Structure formats: structure tokens, C-alpha cells
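What follows is chain A paired twice: with chain B in the first complex and chain C in the second.
Take a look at the complex of A and B:
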């Protein structure tokens, strides 16, 4: 099985969709409205399923096609719709005010993290012309950006979105590096994801009903 | 022959700019279900303003009177150094590369700011302060955009950039180039005061930025200022299309026919660019003033990510 080369059409499509995924993560980091977070996450997941479809087409593997379809159905449609209906509408969430830094600061830190991802991956050391050299640093950057979103946002729902973005980054790196990952593992991760989202929905709804607000800044009161 | 083409290129910019602006505003009216002014309205405005004398405040110094000519000359200078109708450098193209062109644009902005401050009108001071603040945020992003194309062509000469993209069309879909193009388009919108930044169709005093600097002008001075700002839109759109998006369809430096043929091709490219501007103008709202920094920050960020992703491309 030959690996994807970065100058083939498949490789180019994969690189472009990875750049789109990174930009969606930045867009999420740079916005302040809950429904935008969810929309950008949905868009990112659709791009991710497209990337998975490109890899599946290249390796002609039925399992990867199945993964692409599941990604589209679960992350692209089901999770955004569920978050929108069950969390944002029910809790009447509109504008995220629980930010620990300004938007510009978090975007600059995000750009620094992207540069950091390139520094640690050192794509120049990867085999010449392999698409992983351009995609893996991008996916690492997405992982870091998701983490950053969890750090700078204090609201639990925003942190949930950050966590989902991190997971998208991991998935992107996985399909590029090890396209022949056992299907059962990937399917298990999907199940975890759905379960976690549902648990979050239930918990956040419950917490909000009790406390009228679900942000981690409340925990500061527990300091001794 | 190159000299004839050089003159033809500047004439194209001079004559084409009002038509381009007229076409955009007509298209915007049609999108808004209005009939709108004729596409030749800018020419009529120019003719009317050029016939009229200018009224100059008795507080104004020579800076105020000289500024329109300097600004106009700056944009005329840019028109001789960038690829508009030929893909080979014309005799005067040695004057500056893209960064040099940005300097010339900066000189024009500086002169306009001085002229706006000169008469001490509150509106002018407001416009000058806002435009200078924006300019200070535009420059770093612009330099980074030049770096993204510079990575592909190992140069900051617009002609070499054009050649680099033309000789390997694969470059058009490289992440670096795509991101650079996106960021440059955002900067074109900012530099020309299009919709996410400023409303180009009406002059609402409270939100004026670019217009605020020239409110004091009248008559033929105002005509030059208007013409210069239309030329700026035309020039930046042409650079956008000829260097970044569609580097084909330009003549060479030795045949007049090629140069003449490039003009309708350029009109087609500008129609595409104008369409994009019309779509954005009609579908977005103006940003609040302090959100402009975020818009420019996004352009900077996109260009920065473009430069970072080039790390892989150049390997």
C-alpha cells in the first residue's frame, strides 16, 4: 500500500480540508456566541468527514468509508443538532460572557500554539513529500486549539465544544497517520463521544437548573 | 513598444477605475431591488467636479492644496509598477516591488491624513485618526501576505510572483497560497472601505473613516481625491486577480495586440472580483468600530498560518 503523496490530488484535497479544519477551530476560538461555536464545530466535522472520505477513496477501504459516513452523521449532524436543541435552546444560551481572556489574546495565543505545533512535529524531518508532513502539524495545532478553548472559556458548554474540537484534531491525525487503524477502536471512540456528549447534556442541564449558571469560575469559591 | 504599453497600462487604470466603481454600485443597487445610477455615473461626477472651482479654507496651508495631487500621483505610480495588462515588467517597473508599492500606498494615506488635519475640521481629524489606526493594523498583515506569495516565488516582485503561480498551477491550491489569497482579499476590503469596515454607498458622518478625511475638499481637488480612491480599488482588485487568483491572460511586453487583448480579459477578471465584493457588501452588516481590529487580526492570523504552513511546502 503506497502512502498518500502531498502533490497528488488526494493529498492536496486532504491538506486543504485540514487547513479548513484549523480555520474552523480558529473561528470557534474567535467568536462569542454559543450557536456560532456549534455551527463552526459542525462545519469542522463535515470537513473532517470529507477528509476521511478522501483517505477512504485513496486506500479503497470500506471501513474508512463507514467511518466517514459515521463522522458526517454523528459529528456533522447529530451532535450539533443535539447541542443546539437540548442545551442552547433549553438553557437559553446566547452570548458567552465567561471568558478569562479577550478574544484577540486567545487568537494570538492560538497562533503561537500553531507555530509551536510545527516546531514540535518538525515536518522537515518526516519523509519527503508525504501528506502526513503537512497534515500532522495541522492536526496537532487543532488539538492544542481545542485545549486552549477549554482553558479560556469558563462556561461548561463552551468547554464541551473545545473538547469536541480536540477530538476532531486527534481523529484527523489518526486517519492521516494510520489509515488502517482497527475499525472497532474508532467505532468505540465514537460511542464514547456520543455517551460523553449525552452525559454532558444531562449534567449541564441539571447543574444549570440548580445553580442558574454552569461555569468553572464558581469553583474558585472552594479555595481554602 | 514597452513604452506604449506602459502608457496604455496607466490609461487603463485611469479610465477603467470609474467604470469599475460604477459597475459595482449599479450591481449593488440591482441586488437591493433598486435601479441604481448608470455605470457611467462616476464619469459624470468627475466631469462635473473638474469643471468646478475648489473652495479652500483660509486656514488651510499648502499641504491641503497640494495633497490631492500627491495622492493622485501615488496611485498613478502604483499603476506603472504592478502587472495590470502585461506579465513582463514594463520600463518603469524597476521603481518598486510589492513592498515598495505598499510604501507608496502608505505615502498616499499619510498625505491624506496630513491634509485632513491641516484645516483643523473635527471631521477630518476623526477620519485621519481612524484611518491611521486602521493602517497601522493593515500593514503587518499585508507584509505577511507578501511573505505567503514570496514563499512560492522566492521574491516580492509582483511579476515574479505572477510567473511562479502561472508556471505551476498546483501552487493555486497550496494551503499557503489559499490562505494568503483569503487574507489579501480581506485587506482589499479594508483598504477600500468596503462593507465589513465602512459603508461605501452613503456618507454617514458618525461612522466615516476613509470619507472623513476628504470631506473638506470640493471641486477639482475633490475630483482628484475621488478618482484616486477609485484607482486604488481598481489597482488592488487587479493585483488580487492577476497575482493571486488568475495569473493567466496577460500580454507580454513586446506586442501591442497582446496588451490590448489583455484589457477585456482584465475586465472579465474584475467582473469576478467585483461580484465577490457585491455579494459581501449586500450580505454582511458593517462591523462596530472596535470590532475592526478583530477583523484585521483575523486577516493577520490567516496570513500567519499561511506562512507557517509554507514550512512544509518549501521542504
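Take a look at the complex of A and C:
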């Protein structure tokens, strides 16, 4: 199987959409409104689904087409809508006040993490001219940015979005690095199941009110 | 053999079916116990077959059983037997007292069954992608058990547990991806590139840089499940808030399942990169884990949290043992897995008696258990001595083996530090349980109002304690063979 070269049209499209995915992660990190978080995440997922479709077209792989469709349907539409309806509307969430650092600080840390991602992904491992060499550092950066969002945001819903961004980063890396990975569709569905569980835990649980009004920093019942 | 593998994995699910068919707490509990016993017996037979005929493979490597799988299957199915006996008694008592509704009891049995089957299935999965799916599926099922009591603290614990382990999930997936990528130079089909025996056989040809990353990420990702520091923070909350039999399953089952994945990754990494790098990674995480576990045990007011930190400590001990490596180190690590599993299961089950009887989880409010609940008090005392590593119990033997392994690979400083930490842990654990067991009690306390409940809850305590003593004095020839085969499968 030919690996995807970075100079082909497919490769360029893939690189462009991964840059878009990184920007969406930064946009989410730089925002303070809950519905923006969800909107940026939805946009990012649509881009990821497009990237998966490009790779699927290139390799003519039915599994990746399936992944693209699932990503669009679940991550692009279902999860954002569910978060919007079940969590933001019901709980009347508008402005996220539970940030442990200022927005500019977290953006600067995010930029440092992006540089770090380029440092750790050793070029020796990825042959030059292959699109993975430019996309995998980007996807690693998205994983780290998602983690950063989970660290600096103390609200449970914001942490949920941070985890979803991390997951998008993992899949971006997966489709470019190991397009033939046999479990890719199953893993995608499985992680969406995890996401659904997370949404359920926040929503169904009796402390939803408490979780919504309080922030996770006020969840101090269990310590030590 | 395939039938045997099915008989190990599927029987616990019978209780989920029983619940679906409308069984109540009593019926579902009995079905669960029966299913667990079938699993355990099949795991024993499987081990005998594996030691006799060598490893077994089916479905293109999706099913792969060697001595290591059989050993872990025996350990965890044994824990499932103890925990399901405990569950049958505990849930009936909770339902009688109105603490849990009938619906919650049914939820418990369904997810307990999925949790148990998922863990047992992960030991017979030869494909590392499949292993990932199964371990994570069992984690999701266990989250329902943690949040079962639906009080604010238990939901908080459940949230913390799911969000942290979800992050671990994604890291473990990245580890699997890099492992797959490290095999791109090999001429193997996509499935074979994730199948353990093929990977292990071709380990010398894997790409070292991406494999190094894969191993590190696997230790972090699966280490979230194991409770390695600093990914351990969910563990004390989840263990203290789950119903006691479920805590036993988490501590003695899930942690070992994560450790199993790390052992598999370590074997591949050692074959490719040599022993130094994997050992160093495991030393760093292992010592940090023992250190933090021991320190938090010293000043811990909640006894279930203290047992949870003791689990953290033991997982660190196992990591250090894996880091020492060699036949002695691996042998000690596996012995420690087995003895810790039984000891901790018994300890958490006895804590179930205390929670029901004293209606508190604060160790300061529990005094004189020996007088008020003689069986639970005696078991609490002896099991905590056993877990802390006092002779004649098994953990003493395994910890001694591990220290010997440390000296054998000429790491006397590390082995000495290791011993020092063990001593602190010993004092912290036993001094707390000693004051709980002794002293002036509040008079007779009722944990299980019904006689049948008392019998059902007492059996796993006594059985577990007897097994601990017997295995401490004497490692049966069959177990020794199985362990040597398991160590051989990794080298």
C-alpha cells in the first residue's frame, strides 16, 4: 500500500484539515462560553470526519469510510446536540467562571505544548515527505491541548469537552499514522460510548444540580 | 479447549440473564455465585491443560491462552468467587434495610456480571487491540458499581473515576497505535501486527523509537487502571464509595487486569529494547507509587480509603518487582499478584461487615470489633497482617522473593529503600486495624440480621483466610509449575 505523500492533493487536504482541527482546539481553549465550547468541538469533529473521508478515499478503505460517517453523525452532530440540549439548556449554563488560569495564560501554555509536540515526535521515526510527518505532531498537540483544557477548567462540562478534544486528536493521529489499524471503527464507536457515559454521569446523576452550580473544585468531599 | 475458554469467560453473565428474566436479589445472587464457581473451576482446568500441552491459540490469534493468562484467570476468577459470595450477602442485607432499592440491586448484578466477564475475557485475548477494548469495557461497567449508592459522595467518586479513567483509555489507545506502527516494517497482516505471540516472536525487528513510546504510554494508560502514582487519584474515592464487595473486585480484579496488560507490553519492550529502559520506567512509577501509598496510609481516617492506599502500595511493589526482572523478580511479582488479590478481597469483604454493623467508614468510630463482631474482627486483624506482609502469610513470601530479586540483580540500594517503605506501610496498616479490632466495643453489633446472610458473608472470609495461610506456608507444586511456565512465556 502506498503511504500518503504530503505533496499530493489528498495530502494537502489532510494537512489543511489538521491545521483547522488544531485551531479549533485553540479556539476552545481561548473561550469562556459554554455554547462556544460545544460549537468549536462540533466544528472540529466535522473537520475530523472530512480528514477521515480524504484518507478513506485515498486508500479506498471501507472501514475508514464508515469511520468518517460515524464521526460526522456522532461527534459532529449527536454529541454536540446532546450536550447542548441535555446539559447546557437544562442546567442553564452560560459563562464558565471556573477557570484556574486566565485565558491568555492558558493560550500561551497551549502554544508551548504545541512546540513540545513537535519536539517529542522524532523525525527519525517518520520518513520525510510522508503526510504523517506533518500531521502526527499536530495531532499530538491536539491531544495535549485537550488535556490542558481538562486541567485549567474545573467545571465538569468543560472537562468533558476537553476529553472529547483529546479523543479527536487521537483519531486524527490514528487515521494518518496507521490507516490499516484493524480496530479503528470499533475503537471509535467504543470511545463514543464512553463519551455517552460521561454525559450520562453528569446528567442523570442526582447531583447534577450540585455539579452544575458548584465546580469540581468545590467537590471537596473526598480528599486525602 | 475453546469450550473451556468460553466456560471461563461467560458463566458470570448468567446473573445478568437471571436479572433480565426477573430474578430478585436472592435469586440473582445465587446464580452469580454458581457462575463464578464454574468460571473458577474452568480456569483451574485450563491451567492444567496449558501447563501440560503448552499455549493454545484460536480464531487467528484473537483467543490466546498461555500460562500467564491461565494464572491471571485463576486469580481473578477466585476473587470473583469470593466477591460474589460477599455480594449475595451484602446486597440482600442492604435491600432488607432499605438502603438500596430493588432496581439498584438489579443494576448491581447486571454490571457486576459484565465487569467480571470483561476482566476474564481480557486474559484470554491474544490481540492487544481486543485487550484494550475488553479492559475498558470492564472499567465502564465498574463505574456503575461505584456510583450505585447514588449519594453525593458516591456520584462524585464515580465522576472522578470515569473522567480520569477515560483519559487513561485514550492514552492506552495511543499506546496500542504506536505498538501497531512499530511493526510496519514486518510482513505481517494487520491483525497479526497486534497479536501478542507474533509481536513477541518478532520483537527484535520492531522499530525501537516508536516501541519505546508505546511502552511508556502503555504504562501511563493502563497504569491509570492499576493506580500507579500520579494517576491513582480516582482509586481511594472509588474504593471507599463502592459497596464493599465491589471494592474487593476493583482492588483485587481490575488493578490486576491493568497490571496484566503492562506485563505483556513489558515483555515485548524488553525483547526489543533490552531490559534497562522498561525497568527504569517501572522503577520510577513503582517507587513513587509505594511512597505515596505508604504516606497516605499513615494518616488516613477512613478505613476503606486506607485499604485502597494499601492497594496502591502493592501495585507499586509489583511494578518494582517487574522492574527488577529476572526469573526471581517475575516470579515474585506474580506471587504478589495472587496473594495481594486474595488478601485484599478478604480485607474489603470484612470491611463490608463493619460498614453494615457500625454504619460508618471512619476508623476512629470503630472500636472493639473483636468483641462485637468476632468473625469480622478476627479476619480484619489477620487479613491486615497478611496484606502488610507478616509471616506466616503469603505476602511475606512474595515480598521476600522480590527483595531477593533486587539483590540478585545487584540493586542493593533500591532493595533497601524498598524494604524501608514496606516497614512504614506495615506499621501504618496494622496499627490502625489493631486499634479498630481491640478496645472497648459498643457491645453486640448486628451486621447481617438474617442467619443465612451471616453464613453467606462468613464463608468467603474464612475460605480466603485459610487459603492465605496455606499458600504462605507452602506453594503447591502445581502453582509453582504454572508460575514457572508463566515466567517462561515472558522471556
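Basically, the second predicted complex is superposed on the first by the 188 of 224 C-alpha atoms of A that agree within 3 Å, B and C clash if a C-alpha of one lies under 4 Å from a C-alpha of the other, contacts with A are read in each partner's own complex, and residues count from 1 in each chain.
Everything that follows uses one rule, which is that contacts are C-beta pairs under 8 Å (C-beta built on N, C-alpha and C of every residue); 3 or more make two chains touch, one makes a residue touch a chain.
Remember, it's a predicted structure, so these values are computed and weren't measured experimentally.
The partner of chain A that touches more of its residues, comparing chain B with chain C, is C.
Applying the stated contact rule after C-alpha superposition, one finds that A:104 touches chain B and leaves chain C untouched. When both complexes are overlaid on chain A, the residue A:30 reaches chain B alone and has no touch with chain C. When the two structures are aligned on the shared chain, A:118 is found in touch with chain B, with no touch to chain C.
Of the two partner chains placed around the shared chain by superposition, chain B is the only one that A:15 touches, whereas chain C remains out of contact.
Residues 124 of chain A lie at the contact with chain B in one complex and at the contact with chain C in the other.
Those residues of chain A that touch chain C in the shared complex are 122, 124-125, 143, 147, 150, 156, 159-160, 163, 166-167, 170, 173-174, 177-178, 180-183, 186-187, 190-191, 193-194, 197-198, 201-202, 205-207, 210-211, 216, 219, 221-222, 224. Residue ranges of chain B in contact with chain A, taken from their complex: 170, 173-175, 178-179, 293-294, 297-298, 301-302, 304-305, 308-309, 311-313, 315. Every residue of chain A that touches chain B in the complex is listed here, in rising order: 6-7, 12, 15-16, 18-19, 22-23, 26, 30, 103-104, 107-108, 110-111, 114-115, 118, 123-124, 128, 133-134, 137-138.
Chain contact summary for the complex, chain C toward chain A: residues 129-130, 132-133, 136-137, 140, 143, 147, 150, 152-153, 155-160, 162-163, 166-167, 169-170, 173-174, 176-177, 180-181, 184, 190-191, 194, 207, 209-210, 236-237, 240-241, 296, 299-301, 305.
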